[in-house]
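Down below is the structure, laid out as structure tokens.
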Amino acid sequence: MSFTVNALTRSLNVFHLSGSACNNCDIEILDVLTPRYDAERFGIVLVGSIRHADVLLLSGAFNRKSAVRLKRVYEEAPKPIVVVAVGSCACTGNIFAGSYNIFEPVCNYIPIDAFLPGCPPKPEAMISAIVKLIGKLKGK
Amino acid sequence: MVRYLVHIGEVLIFPGLLFTAVIGLVTSWIDRKVTARVQMRVGPPFLQPFYDIVKYMIKETCVPAGASKFVFLAAPLFGLAAVTVASTILWRPMVWPEKSFIGDLIVVLYLLTIPAVSVVIGSFASANPIASIGGSREMKLILSYELPFILACLVPVIKTGSIEFGRILAEPMAAASPAGIIALIVAIVCMQAKLTLVPFDMPEAETELTGGAYVEYSGPPLGIFKLTRAMMLFTMPVFLITVLWGGIPLHEGAVPAVLGAVKYVGLIVITVLIRNTAPRVRIDQAMKFFWGPVTLFGVIAVIVAFIEGL
Amino acid sequence: MPKKTIVPIGPYHPLQEEPEFFKLHVEGEKVVDLDIEIGYNHRGIEKLSESKSFEQSVFLVERVCGICSTSHPIACVQAIEDAGDVEVPERALYIRSIIGEFERIHSHMLWLGLAGHFLGFNTVWMWVWRYRENVLDVMEHITGNRNHYAMMKPGGVRRDIFSDDIPGIKKILDGLKKALALFRDAVIDDPVIHARTKGVGVLTRQQIIDYGAVGPTARASGVTIDVRKDHPHAAYGFVDWKVITAENGDVFDKTVVRILEMFESIAIIEQCLDKLKTVPGPVDSNPKEIKPGDGIGHYEAPRGEVFHYIRSDGTNRPVRHKVRAPSFMNVATDRVAVLGQSIADATIILAAVDPCYCCTERMMAIDTDKGKPALHSPDLLRLSQEKTARLQRELGTEGPKLDFGVFS
Amino acid sequence: MIAAREEILPALRAKLGNTIQEVFEKSPKRIYLQVKAEHIPQTSRILFKELEARFQIATGIDTPGAFEILYHWAFDLCNCVVTIKTKLDREKPEIESIATFCPAAEWIEREMWELLGITFKNHPDMRHLLLKDDWPEGRYPLRRDYNKDMT
Amino acid sequence: MNELIAQSNMLLTDLSAQPMVLLIAVPLFAGIVCRFLPSKGGAVAAVIAFLTGIYAFLIAWPLFNAKAAAFSHHNWLALRLDGINGFILLATTVFSLLILIYSFGFMKGKDRQNHYYAYILWTLGASCGALLASEFILLLVFWGILGVTLYLLTGISGPEAAGAAKKAAIVIGGSDSILILGIALLWVIRHTTRMQGAPVEFGGPLSYIAFFCLATAAFAKAGAMPFHSWVPDCGEKAPASVAAFLPASLDKLLGIYFLYRTTTLFTMNSGVTTALAVIGAGTIIFAVMMALVQHDLKRLLSYHAVSQVGYMVLGISTGTPLGIAGSLFHMLNHAMYKSCLFLCAGAIEHRTGTSDLDKLGGLAKAMPVTLFSCIIASMAISGIPPLNGFASKWMIYQGIIESGRSGGVLWVVWLTAAMVGSALTLASFVKLLHASFFRQPSPEVAAAKPREVGPGMWLPMGFLALLCVAFGLRYLSPLSRFIFPAVNAPVSFTGKWFVGPATVMIAGALFGGLLLYLLGTVKKPRVCRTYIGGEYLDEVYISGSEKSTARDVEVTGVDFYQTIRDMTPFKQIYTMAQWKLFDLYEVGTHVSFFISKIFQFFHTGVLRQYISWYVIGMIILLWLMK
């Protein structure tokens, strides 16, 4: 198991799934890849297909329509996969919790490994979270 | 029997699978690192491509529902086998000139097409509409670069009247002549497409097709495809150097070998720079580009080669 | 006769960062129809907003969209001011324009980078976003946050811009101008970009008018509409600038319009910063109540006109708050723009209107956790900056100093 | 084409005649007109085709007395927004679609249909825009009597 | 009278003692028997045909081993076996046997089976006759029979094939008359109708015309351009087994055999070889470009049957032993993989009831043997090493390069055309594989619930596919056994292709890849839904509340190459092809209809007008004779 985790943590392919977000977390996630933060230093790259993913980044609250798709995408992902909820909305549903189109926090749909609150979380916070997550996985 | 065991050893260890894979992965690290530097980034650590491959091996394999399972899983293997054998055929004479040749220019030319074909077949076998688009683009790309690439490879054939690597390597290198230089330029452009790097990466076009031909691949099959690509990244420049630029003669001592290595790194850097200074073109534009100007230059190279031979 | 089939793009697709589902009906390689399915992003909050106060609803609309997170508040406060006949101090108008234009620059740079990314030109993406970081740093310095600025309020703005900061901001603007000139020349001269974008996804003048498209999408087709010019508000009437238009309506022209607009934005900011030195006064008129009535506010967001309608019944809550984002009008034009194009072009055409689905599907809600007292507090600002600095120290990344290294 | 703010009202009066029930000038930049629901297509056509106003958006409101629809039209050359108000019967909210000649209104009519339950007659493509396709019928979130637990 | 009977008895015993004669006569006779069986007796006909096929093979095998034989009676009845036709004879009987086995399953339940088997047997007999004939007149007789059986076999599937049958008959019949002209001219030059003898030097127009008359017959039979147009029609309309039998295998064998035979009768010069090379290279490229855009499985295959002839003609045109050997080897290989492909097409059609690529799909899981036979044959026809198609193409390339050593620059053009032709071939087979096996099936195909065909049908396919592999892996042994004896010159390779070590290497590399797989998780793959960004393929709303099927949401494999079709120079060419401007038959039809219209104008059928024409003619005649 430790070998698996070790290999996994050194090469993280991130699939970014934006639910019903305000786009800000999404843009900040992309920002992490750009020169100032450069997540590729840690072997983190963004991929286009869920089949290539090791990390599923969720951003935004999930409404009735996208929550169903989220579950599908999670089922289609090759395991093991790490799910990270980025931003307050993905963590708790936040301000949208009372809406008619959003009725549950996202952790009720799929298991989530890490929560990263903030509106939006700063890129530094995201990198810090990833580093902590890797530490946690290794400690498993 | 021993002879065959030696062959298997060659193909699995040196200069086949293991050697090509290691150098290919290092090359793909160079590619990513140079790309990162061009983009003002730091880039991945040295062992990153190796970690990636190992990671793919431990991931789960997903087979899409409507797919033909066997073809889906077998396609990557054939690509890998083809590039391994091509690399072995290329390297054997450069390492042990006394050993006989296994195949010639045409054989390797065909073998180097198979990885792309295996991508096409694999993408079709995955029964995904997006993969189908990617696969059809890959096939059209093969069609478009094949014509100028063949023309470029014919220049040394015209000069030596032979398709054997031994004869081609023995002749003064083709790149020293105008025809050879034009042919080399044409071949470099074609190589870019053969490696499906920007501006010719439309088969996988991540932002258009979410990974295109590879969209359904996960785990080990995807890892094999990535490994094959890394090996192609190593084998293609070596093929060009062998055919048009005098080869990398390891057996001739340190100086020619280092010179060959410099040529190789030079080709890689050119490729990476092209890749980072152009946007992706459309498939029909790529076809027009290859069948138009590039083929024209290929024809010019052939004509010049004939004139030189007079 | 080729058969008509559907090529799915989305909903979770790297083309756009948000979920949306395009169904390209294609014959062979040609797109013959487009069906846009949205709603993945609809948080349906118009209902909720009716239970919130006007002050709160400004925070609320800020989170309609993360990229135009100041355009919605400006339009919203203008609607409230229109409904309640609220006066706004002059200095606040300048600050509104400055924030709005900075946002336009960062949004256009974002689009330019992503357009490069969509075309497989990642170098452009990385470079443009590197310079975009500087804009975000300025915003963090002025407002305390990189994206959601929380600057607007009915009757003015929440924070002043200090005159000590102005030279630093101007220096960054100078550097930005050089960088933008580089991108302008690179993009406008690149033959491959020409090949990919010229004559692609053309929208005619008439189509723009029929679909009511707005912003750079409309201006690239020769329709000279710009809310800042046509319906002057904030400080746009007091400064000198021009509306950028182009004639062909293709993706290339949309790109050019956006790049040139950034220069105009820089010009507006520079003039406003100069004016700030001479215009004194408070930045907030602190209105006590909002009179009953209808109010309309609109503002030229980076993507086009943002429209807010507010009906007040004299209480401190809106009876109805209607939000219309520019993408709501622009995305509908995709359908005519992609007809007859190839699949490969369709993706860049869909991206060319700079779509923003979170806007289109208008979320509205009140952020009860982040009430105004907290954001008013300079302590929080300091805390935030300290935390960022600490994290940066830990990770060894650059710090957000105003004179950081890219241009020096 | 209207070029000056002063020409707008006279032109509207001349074209629309006595279909205008009420005129309210809130400010130089904002004009509100009240017309009957059956005159909306004709009024919209005149504004859109003849006076060349830009369709900004329509707002549907569930007021206690009736459903109200506000069509916002921008006159970009003269810094003015003209809003046409109309009232619909609460029991049977129904109105002629204007999307037939004004494509810009297509989406907003779909939205008002699904969120408020206003029927637009002759709409070219009436289906769900924002909510999921199997959203239960007869549940309109923007109505005052909507209860979240209903879904 | 008694003397006459005695003579004929002697003749009969003489003939029946001759295996060559039996090879021709037995199938012809068995065919007659089949033809006059009652129409219910399909199974009996099949058995008779099968037994005859085995018998023919049993005769042909020792004949082939005998290497040489001759038989002559009354001067014109001259049969001769030599190195060239021996292996073709063997191949003919083998393919006939395979087709007969396949036909058991394929023709089951169809009507007119007795006719079908009769025609197949006649074709077999006449083919053997044409191959063995050493006298042009005799060849002409068998050639004529073959034309008739082609017409009958093409038309057997019913009225919709009548047009194709007519077209084939007219093109082949026309070429036969040209053949007669050529034989006559050759007689003028050589004063003999023997097919052996000293080669004729080219000199004067007569010899050129004679050569091209003979070549035309070969081209028309093999289906080279511009006489190719009957092949696609025939391939599309005729039953797949017929297509596999005639245009795909037997007609290629006969046509290329006859072309080669013809070239041995003349001393080739560079003008002639260039003309042949132009035809060869043109055929390769044009036909494969046409194949690229076809929508019918069998039609697509037929265009390849045309395209591959180009390689054979090109190989013969090199004039080098290596090129000719490659050409003959390619002919043999082509017969293998193309029959295999047609048999696959037949199996598909048998199970789904259609050969329309637009409708097919999803057969990869249902028909695994067909899939693998089809993939192997496709790779072979595309020349992927180490399959047989590669070996023969590679020899042809070398032949071209070798012919270039004697000077000239055009060989580069031929070589490029041949190599690019391979890439194009691959492209169209990729399309075929995708459209028929991998994509989603159409409702009607799905409703047919396709499953694998019976062993009677998949055995021949699988056997041919295995032959493709075997001939590729051990290409030297068939070459030395069959081909080199036919080429009366020592063959030496200029390139290197040690297929033994290479195969070991490929196997080793595959093993290495498999090892990686086994290290990984691939042993227990998980079946997931197709990923299209979170939606399900069959849950996409097409319009309103109507949900799609998986087939709606996909790329039609058939239109892959629409891009090429829409490109500037190709668009016009394809449009012209659509107008059938390159179809000699159609153009000819239009010209003759136009001429006959002129005559119709005069032929009104009114007596008075005829009389007036007559009177006017008489006056003019009298005036001329004055």
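We just call them A, B, C, D and E in the order they show up, numbering each chain from 1.
Throughout what follows, a residue touches a chain if its C-beta (ideal position, glycine included) is under 8 Å from a C-beta of that chain, and two chains touch if they have at least 3 such contacts.
It should be emphasised that the depicted structure is a prediction, and the values quoted were computed from it without experimental measurement.
Traced through touching neighbours, the fewest hops from chain A to chain E number 1.
Removal of chain E from consideration leaves all other chains as one piece through touching. Ranking all chains by how far their C-alpha centres lie from the centre of chain C, first place goes to E. In this assembly, E is the chain whose CA centroid lies farthest from the centroid of chain A. Of all chain pairs in this entry, the one linked by the most C-beta contacts is B-E.
Core chain by CA centroid proximity to the global CA centroid: B. Computed from the mean C-alpha positions, the centre of chain C lies at a distance of 26 Å from the centre of chain D.
Averaged C-alpha coordinates give centres for chain A and chain D that are 41 Å from one another.
Computed centre separation for the pair chain B/chain D is 61 angstrom, with centres defined by C-alpha atoms. Chain B and chain C have CA centres that are 44 Å apart. In chain E, the residues that reach two or more other chains under the touch definition are 526, 528-529, 531-535, 541, 543, 553-555, 563, 566. Annotation for chain B: residues 39-41, 57-62, 129-130, 133, 206-207, 210, 215-216, 219, 283-284 touch two or more other chains. Taken residue by residue, chain C touches two or more other chains at 5-8, 11-14, 19, 29, 39, 42, 44, 47, 126-127, 130, 342, 361, whereas all remaining positions touch fewer.
Those residues of chain C that touch chain E in the complex are listed here as 2-3, 5-13, 19, 21, 23, 26-30, 35, 37, 342.
Chain C meets chain B in the complex at residues 5-8, 13-15, 29, 116-124, 126-127, 130, 190, 192-193, 195-196, 342-345, 347. Contacts from chain A toward chain B in the complex involve residues 3-4, 7-8, 10-11, 34-35, 38, 40-41, 43, 47-49, 51-52, 54, 76, 78-80. Every residue of chain B that touches chain A in the complex is listed here, in rising order: 32, 36, 39-45, 47-48, 51-52, 54-55, 57-62, 206-207, 209-211, 214-219, 222.
The part of chain A that touches chain C in the complex is made up of residues 16-31, 34-37, 46, 48, 50, 60-61, 63, 65-66, 69, 73, 88, 94-96, 98-102, 119-120, 122, 124-125, 127-128, 131.
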